[in-house]
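Encoded as structure tokens, the structure appears first; notes follow it.
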Amino acid sequence: MTTEIRLDSELELENPLFIEGLAGIGHIGRNCVSFLADNLEAEKVGELHSHHFPPYTIIQDDKTVKALQNDIYSAEINGRDVVLLEGNAQASSPQGHYEIADKVLDFTDEIDADEIITIGGYGKGEVVEQPEVFGAVTSEEIKNEYSDAGVQFDHDVGQIVGISGLLLGLGESRGKSGIALLGETPGFLMSDPKSTEAVLEVLEKALDIELDYSSLDEKVEESQEVLKKLQNLKGSKDKDESSQSSDLGYIG
Amino acid sequence: MTTEIRLDSELELENPLFIEGLAGIGHIGRNCVSFLADNLEAEKVGELHSHHFPPYTIIQDDKTVKALQNDIYSAEINGRDVVLLEGNAQASSPQGHYEIADKVLDFTDEIDADEIITIGGYGKGEVVEQPEVFGAVTSEEIKNEYSDAGVQFDHDVGQIVGISGLLLGLGESRGKSGIALLGETPGFLMSDPKSTEAVLEVLEKALDIELDYSSLDEKVEESQEVLKKLQNLKGSKDKDESSQSSDLGYIG
Amino acid sequence: MTTEIRLDSELELENPLFIEGLAGIGHIGRNCVSFLADNLEAEKVGELHSHHFPPYTIIQDDKTVKALQNDIYSAEINGRDVVLLEGNAQASSPQGHYEIADKVLDFTDEIDADEIITIGGYGKGEVVEQPEVFGAVTSEEIKNEYSDAGVQFDHDVGQIVGISGLLLGLGESRGKSGIALLGETPGFLMSDPKSTEAVLEVLEKALDIELDYSSLDEKVEESQEVLKKLQNLKGSKDKDESSQSSDLGYIG
Amino acid sequence: MTTEIRLDSELELENPLFIEGLAGIGHIGRNCVSFLADNLEAEKVGELHSHHFPPYTIIQDDKTVKALQNDIYSAEINGRDVVLLEGNAQASSPQGHYEIADKVLDFTDEIDADEIITIGGYGKGEVVEQPEVFGAVTSEEIKNEYSDAGVQFDHDVGQIVGISGLLLGLGESRGKSGIALLGETPGFLMSDPKSTEAVLEVLEKALDIELDYSSLDEKVEESQEVLKKLQNLKGSKDKDESSQSSDLGYIG
């Protein structure tokens, strides 16, 4: 077993909503879900570890090390259970992407989560003045609900790379329904607070919550620090150039 | 298990002919078999999923997501059972190509299919005026039959990359017989209707069927849409540059 | 199981000598062993198949397909059993190289072969007038025996990539003894008959056999045809550029 | 099983300290631990072999071959057991890095080693006059102890690539504590004796030992020979260009 979800204790949830946001273009997914976890005062309930993550270990500001991992949080929104998956790494190989997505879907099966929101970025390749939030859904009827929350379905995004797409694409045949929210971003920004906020505003309406954005800048700055570290090519021992360039590709 | 064939129900077939056409150069294999499935009013009977496919999820025109997969169809030609394998993805690694080919061959064993036609493109690297259909066979006596149907065996094609070759090469030692039909194509066209039609004309003669080409343009256009999406490098979250470039390699 | 040796029947051999020559620089290993098999009128006794080979299928001159594979031959030299491993493919990944080498060593264990000769090329990067045959051994005492047969041990070759090295390096801890014979070659020739002949002359002396070189040119030409096909980048369906370029790397 | 630790006999140790130093930037880790093993007159007690190492076999100066491997040594420092892991190879893929780190951590569990020191280099990308030794720890309280020994914690190193980071990052959740010592080095030197000595001086103080540096130059020269061989691109049979370039990346 090369990918593993470790829970601190058994989760007793009812029809929870599952929200995923991991490292990716503009770091939008991760920043949104990390911000959500903070605002909802979510409780950390588990971790996902995988041999398919890039073979790095992060040195944090206090000079303690931290393995790449995804964290699982539990919270409540208006009386409904919510489970969040957040983290600084995705798989570093095609097979790894599928294996991790399958493990996460197994986990959603176990906790009876049939509704999934995945969050990522859509790299436009040019400056974005007013970032839109593009949507892709498991079935057409979901579009109405999210159109009202500000999601744009009139777009040309043709594919989703990585876990945000696989959870929905593979999840559909397991009976999951859901949406991918893709914040429009230039694609060359390490972290995009404007686009992150655009996605959060959609979530605010869709989930009927109120978010306190005052801590967003701080959150974004924090994750920018991590990104800087991951992209600092000189600061590494045993540098494997080929894996590094490809790994940075998907994080960039 | 990282590659899996899921059947809707058990198939009861007699000595079926197996025809494969997946994403590849000029998209000829997939377009031919997709067109065949339509024209034969084939019934979808199963799917092939694999962790070895590229880690993308397609966003369709109606903004619903669709995992990469291969579809299995059943039809009848002049009283003979025919099983079709069609789809928008091949493996993204050497080992994946072999694993998927072996799974498909296991499936042909299960349904007692000993005759295989695989369809692909031969990228010439230059403009092709009148596309030929080149053949490669499991044994020499098959050549005669297909020469009459217009297949050209006087060619310099030295190898077949991917499933169209492996099904025959590995299948031979399992007692399979068959032919690979390779439509001549420039290699830089996303989709090549002329070459696709050339292969279909061969199949018409070889299988003694009549095809209605009026829907071909439409079919080709459809698949061209999918291709455009897969090649639109900007429209992706979590872009893994290295996997992307290599994946597009084989799809191009 | 992704690598498999299939024997036509159980081999009953006594202390056989095992000789390996697969596709590689200048195609020297394969050409030598293929030539040896012919000259010794060796009997084909089995095959090695692997999911780690490049995902190609060769189209032979008669337009029949052939999967990449390694062939196992049995012969006799001066009353001693000899087993030959010859073929047109090596693994396409580091892990594959180790897996195949381990399978071959398992096989040598089964047939009680404790002595191994591996044959490859040493790419010099420049024109080679009089190709030397460089040697690397499992233990120093083997050098004397082969020095007399013309092997040069005064060289700077620092490493052996692929199966010719792994069989000896990994074999040593299994109690195998042996030598790698590396024919000096420019490295940019698809096939190098001069270097091939130099290695064969060493084998002639070391094994006390007499070889008829009249068929060498023919043999070399044949394998050159296969190489041309493998390197003809245009003649392929479903071209996976990344795997292709890396695969050709080791074959070149 | 693709990674294996083979012990010569069962180890009976009490609360041993585990020190890792493998091939990497400036070869600092390996040179330090190899030097330590010599100075402590450590006994070789086992080996680590892996299918994830690069597929090379080294030809040593006496022209005998040697598979890439890591060696395990046992020694005593001031009455405390010490286990050393030293060697000329790390994994050649992300998954391999994790698999090997997990195997090594399993081994530390078996021998009850809860304290780990890993040694590597930090490639600065420019000339380094007085190399510092940067530290990263599993918990903050460890910093004090090592600050006294000369380790610099005021640095910008953001990540550790490969086993030196993974042993600590993954080890932390197994209850291990420890430090990574990263010798500052230009990054373009094959081997860096100045930086190696700086790390050794830290170890001298931290472990309260006295080292005889007279043999260091010799040791460094020796490992430089091995490096030269690994980097001599021409001296190889069956050259797999893609794997070679990526493998050399991490060794450089």
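In this document, chain identifiers A, B, C and D correspond to the written order of the chains, with residue numbering beginning at 1 in each.
Simple rule for what comes next: a residue touches a chain if its C-beta (ideal position, glycine included) is under 8 Å from a C-beta of that chain, and two chains touch if they have at least 3 such contacts.
Nothing here was measured: the structure is a model prediction, and the numbers come from that model.
**Student:** Tell me, which chains sit next to both chain A and chain B?
**Tutor:** The common neighbours do not exist; no chain touches both.
**Student:** In the touch network of chains, how many steps separate chain B from chain D on the shortest route?
**Tutor:** 2
**Student:** Examine where the copies chain B and chain C touch and state whether the two sides share over half of their residue numbers (same) or under half (different).
**Tutor:** Mostly different residues form this interface, as fewer than half of the numbers used are common to both chains.
**Student:** To lay chain A over its twin chain D by CA atoms, how big a turn is needed, in degrees to the nearest 5?
**Tutor:** With C-alpha atoms aligned, the rotation comes to 90 degrees.
**Student:** Cα centroid separation between chain C and chain D, in whole Å?
**Tutor:** 35
**Student:** Approximately how many whole Å separate the CA-defined centres of chain A and chain C?
**Tutor:** About 49 Å separates the centre of chain A from that of chain C.
**Student:** Quick check: what residues of chain C touch more than one other chain, meaning two or more?
**Tutor:** Where chain C meets two or more other chains at a single residue, that happens at 93.
**Student:** Specify the contact topology among the chains shown, as one of line, ring, star, complete or other.
**Tutor:** Graph shape, chains as nodes and touching pairs as edges: a ring.
**Student:** Mind giving me all the chain pairs that touch?
**Tutor:** A-B, A-D, B-C, C-D
**Student:** Looking at the complex, which residues from chain C come into contact with chain D?
**Tutor:** 22-25, 29, 90-91, 93-95, 97-99, 102, 120-125, 135-140, 143, 153, 155-166, 168-170, 172-173, 180, 182, 187, 245-246, 249-250, 252
**Student:** Under the definition above, what is the set of chain B residues touching chain A in their complex?
**Tutor:** Chain B residues touching chain A: 2, 49-59, 62-68, 92-93, 96, 228-230, 232, 234-244, 247.
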